[in-house]
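Shared between the two complexes below is subunit A, which has subunit B as its partner in the first and subunit C in the second.
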Partner chain A sequence: MTRPIAALNFLLTLAVTFLGLLAITFLIGRVVPIDPVLAVVGDRASTETYEAARLQMGLDDPLIVQFVRYVWQVVQGDLGMSVSTGRAVSEDLARVFPATLEMATLGIIIGVGFGVPMGVFAAARQGKWVDQLIRVIGLAGYAIPAFWLGLVGLVIFYANLRWVGGPGRIDLFLDGMVEPRSGLLLIDSVIGRNWEAFRSALSHIILPATILGFFALAYIARMTRSFMLEQLSQEYITTARVKGVPERLILWRHAFRPIWMQLITVIGLSYAGLLEGSVMIETVFSWPGIGNYLTTALLNADMNAVLGATLVIGAVFVGINKGSDALYRLLDPRARA
Partner chain B sequence: MSLLSVKNLRVTFPSDHGPVEVVRGLSFDLGRERLGIVGESGSGKSMTGRAIMGLIATPGQVTADVLTFDGVDLRDLPETALRKLRGARMSMILQDPKFSLNPVIRIGPQIEEAMAVHGALTKRQRRARMLDALTAVRIDDPARVARLYPHEVSGGMGQRVMIAMMVVMEPALMIADEPTSALDVSVRGQVLDILDDLVKRRGMGLMLISHDLNMVSRWCDRILVMFQGAIVEEISAGQLYKAQHPYTRGLVASLPRIDESRDRLPVLDRTAL
Partner chain C sequence: MTTRSWLLSDDPETRMQARLGQFYRLARALLRNPLAMIGLGIIVLLLLVAAFAPWLAPYSAVQGDLANRLQPPSAAHWMGTDELGRDILSRVIFGARITLMIVLLVAVVAAPLGLLIGTVAGYFGGWIDRILMGLTDIFLSLPRLIMALAFVAALGPGIENAVIAIAITAWPVYARIARAEVLTFRNAEFLDAVRVQGASSARIITLHVMPLCMSSTIVRVTLDMAGIILTAAGLGFLGLGAQPPLPEWGAMISRGRSFILDQWWVATMPGFAIVIVSLGFCLFGDGLRDILDPKQRARG
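Entry: the complex of A and B
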């Protein structure tokens, strides 16, 4: 396929996937036993008021008409009003999503920064104690629940050692002192040259981000290790040895280079996982992110907020997946052909 | 003095049923000549080549009474010293270019790497020599081919790239481990011609490992026939049909010939060995 056609093809599949995502959130909204009209008019409204509201909301139209209207609204950025916060859902999401994004991004940086070298070294020393240790760490990342690690982390590093800040994104007296630009506190405080706020935000984010990073690390290290083992048994590794290439270069240039493009997909997947799967960590750390927002909305039967948040999480997941897939195709000479 | 001297070479691998010896007491000398090593699959011929190159990884074990290359004792030579020899003074051509070339590195840099890791040359000199090496293996458009990835060239060209990569440092010893068995018959002759030319012009000692009796007997100065990890017979060029050992004779007898009609090819009678 030529480049423009491939790009068009890519955009088309992206559009279809998003449409499917919209169909799912739309259907959830119609299937759940929460009456959207009651949520607006209250349960003491008269039958006439109820009927009028129902007509006004277009709920007597055929389902397909309602769906098209829903898609049109979403495309315009209208996700409806949140019953519990009284603000537009899109406005709420624009506020809470950066908090999640900041934590997950720091988490994935930690996960990649430690996970990839760990996987490479485990593969290079297959069967040795380093390998065993890294495998145990990987297994722990699978087996330990996030909320438990979060609680233990808080008890040790916050309550006892006082090394890190506690729950929330920043110390209370600094809350609102940083002018929001990107919504990412670390970046905004640097832009505003507010170093006190930066320190506080960093001390708050470091523990939850490290815990998220640990889960990403476990997965990334395991995948890196198995990719590397596969590469190291290849014949072209023998070729490199025949050429007299030193072991360090064999590891990084000959074995790692063919797999780092595959790793992009793995990293993308775990990044998406951190963005959507931070509900537990956000609850434990009272992190005002999308996971927390979604949980609150669910408990309050705030349907618009639930659907809006679901949509954003789904869109991010699809976006990162498709993005890393495209990046892989672009970077790997074998897939490019 | 011979280039390579091997006495009582043994390669052992541990297994569930105790250690298995895949090469059992091999002895031979190699000068600046073409030495063929033939034998069936599993006879230990590839292991011999890899043992000389120091490529048998743990848990495999290599022992020998003598293992000398150009006056250097290869036994217990530290890995760093061995690495300085590999690729520079001794080299090996592997079987299938589809698997033996790194798929994500362009051909040019792969050839230049052999020079880069052994130092000495500048970047520009390396590039010039890389292009020369590609020309030497009869690639017409070396600058273009150097920019390609291995999957973008044919098997025959891939193997010529492999040869270029291994001769670019002008090694004294070249081990060719089934260099033509992954190639079409029509390309085999070309690749052998190129090797032959390099041996003659650069005075290399060449060890050709193969299971192709005909090819080896036509092409090599001397042939060692291996069976179950040991040399059973040594034959001079063109004397294959005078072979004495029952195994060699069995092998020769089972070759199809174009000037006769047989409904069945005789198979090796292993009970007689």
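Entry: the complex of A and C
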């Protein structure tokens, strides 16, 4: 495929996937047992008021017309009003998203920072303890519920050892003391040179981010290991060994270099997974992010907020996945063949 | 002729002999894989515990003793008691039934659905394939947990709805796998032979195509079990799955959250059950994959 056609193809797939996502949230919004008209007019409204509101909301139009209208509203950034906060859902989401972004980003940094070297060493010393360790971590990543690990972590590192801050983003007495610029507390407190706030924010974020990072690490290390094993069995590696190239150089310069592009897709997939996984972790740590917003809305049957949050998480998830995939295709000549 | 050589015969006389022989080889390969056997052991243990829960549980799972509330683990209550004085071990034992039921229901709904969509798409090809796989790809690229949450939000909390929501998000993987499998033999002569005999498409798909996709689907379902258990527990934890007083493990952890700092055992004990059971399915699934589907082995 030539590049313009590939790009067009990519955009088309992306558009279709987004439309699919919109169709699902739209249909979910239709089947809920909550009457959207009653939510607006209240249950003591007369039949006439009810009918008028129904017509005004366009609920008598054919489904397809309603869907097109829905897509148009979403494209314009209108996700409706939240019943529980009384604000526009898009406004709410913009406020809570940075908290999730901060935690997931720190999580992926931890996951990549530990996962990639571990995978490389495991491949280099196949069957040795690093290799076994990765296997155990990989299994644990599949079998341990994130929310439970979060609770256990709180018991050990917060309640007993007192190494980390507890739930929330920052100590209560520092709440609101950092001037929001990016919405990311760690960065904002550095900009404002508020070191006390920085330390507090760090002590609060480190445990949930490490737990998220652990799940990313489990996947990244396993994939790195299997990519590396593939490279290390190639003949050019044998040639390099015969020529007497030091093992360290063989590992990092000869074998690792061709695989880092493949890792982009893996890292993208785990990053998107962390945004999703943060839903559970945020509930455990009372982290005021999009996951917490979603679960609170779920329990309050606040449908606009639920669907808005679903839409945003879904769109970011799809965007990161497809984006990293496209980046890989762009960077790696082998994938273009 | 010994039973063993009859089972391993290269030219079986009946279909049953061939099947039994295949089964025998599978069982022997499994026996040689210690990790898979541990996994199988855990699954069998789960089945036994679920089947004999009323006899195994030392106390009632729903009836509490308020005088004994929030007792730490002891000889009388191995896992301690919860805020209503109920024995946590007994609740974990009864919870095995719920977990098993959820996993089975999801597998029974999602696997045949995925299998059907995948085989139909692969067998017919053309625009049917494009539409079905386009749909599958859309579902595949969406975050599963979030979609399950949204579906439960629409359907209302409860264990049945949790099962439906998880199944809706689980089928696309099976469809993809089944389709890939069908593509490898869709032009094979044995299908032409049945077609020439006048078999309808429905008959060919259900009797000749689907059985060949079974083993890869079963492997995938087993590997997915852990994920299904975690999602179901997660829904329970968020209060959207099984409702109290049902002793569902995720919901139990959620109840224990309020006392996590002082009475750690209430929330942590059911978690161990989740971890062990998920691990069992992971190990067994890995072993099955190595035996039934060696192609996938290289990719972790």
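A few notes on this one:
FYI, the second predicted complex is superposed on the first by the 325 of 337 C-alpha atoms of A that agree within 3 Å, B and C clash if a C-alpha of one lies under 4 Å from a C-alpha of the other, contacts with A are read in each partner's own complex, and residues count from 1 in each chain.
The working rule: contacts are C-beta pairs under 8 Å (C-beta built on N, C-alpha and C of every residue); 3 or more make two chains touch, one makes a residue touch a chain.
Bear in mind the structure is a predicted one, so any value in this text is a computation, not a measurement.
After alignment on the shared subunit A, the placement of subunit B and subunit C results in a side-by-side fit free of clashes. In the superposition on chain A, no contact is made by A:100 with either subunit B or subunit C. When the two structures are aligned on the shared chain, A:258 is found in touch with subunit B, with no touch to subunit C. Of the two partner chains placed by the overlay, only subunit C lies in contact with A:142; subunit B stays clear of it.
Subunit B and subunit C, viewed from the C-alpha centre of subunit A in the overlaid structures, lie at an angle of 80 degrees when rounded to the nearest 10.
In the superposition on chain A, A:304 makes contact with neither subunit B nor subunit C. Comparing subunit C and subunit B on the residues of subunit A they touch gives the larger count to C.
When both complexes are overlaid on chain A, the residue A:238 reaches subunit B alone and has no touch with subunit C. Of the two partner chains, subunit B is the only one that A:333 touches; subunit C does not reach it. Here's the short version: in the overlay, subunit B gets within 15 Å of subunit C at its closest Cα pair.
For subunit B in complex with subunit A, the touching residues are 53, 55, 83-88, 91-92, 94-96, 99-105, 113-114, 117-118, 149, 151-152, 162, 165-166. Interface residues of subunit A facing subunit C in the complex, by the touch rule stated above, are 13, 16-17, 20-21, 24-25, 28-29, 31-33, 138-139, 142-148, 151-152, 154-155, 158-159, 222-223, 225-226, 230, 272-273, 275-277, 279-280, 283-284, 294-295, 298-299, 301, 303, 306-307, 310, 313-314, 317-318, 321-322.
If you check the complex, the residues on subunit A that touch subunit B are 234-236, 238-246, 249, 253-254, 257-258, 261, 332-334, 337.
Against subunit A, in their complex, subunit C makes its touches with residues 134-135, 137-139, 141-147, 149-156, 226-227, 230, 233-234, 237-240, 250, 253, 256-257, 260-261, 264, 267-268, 271, 274-275, 278-279, 282-283, 298-300.
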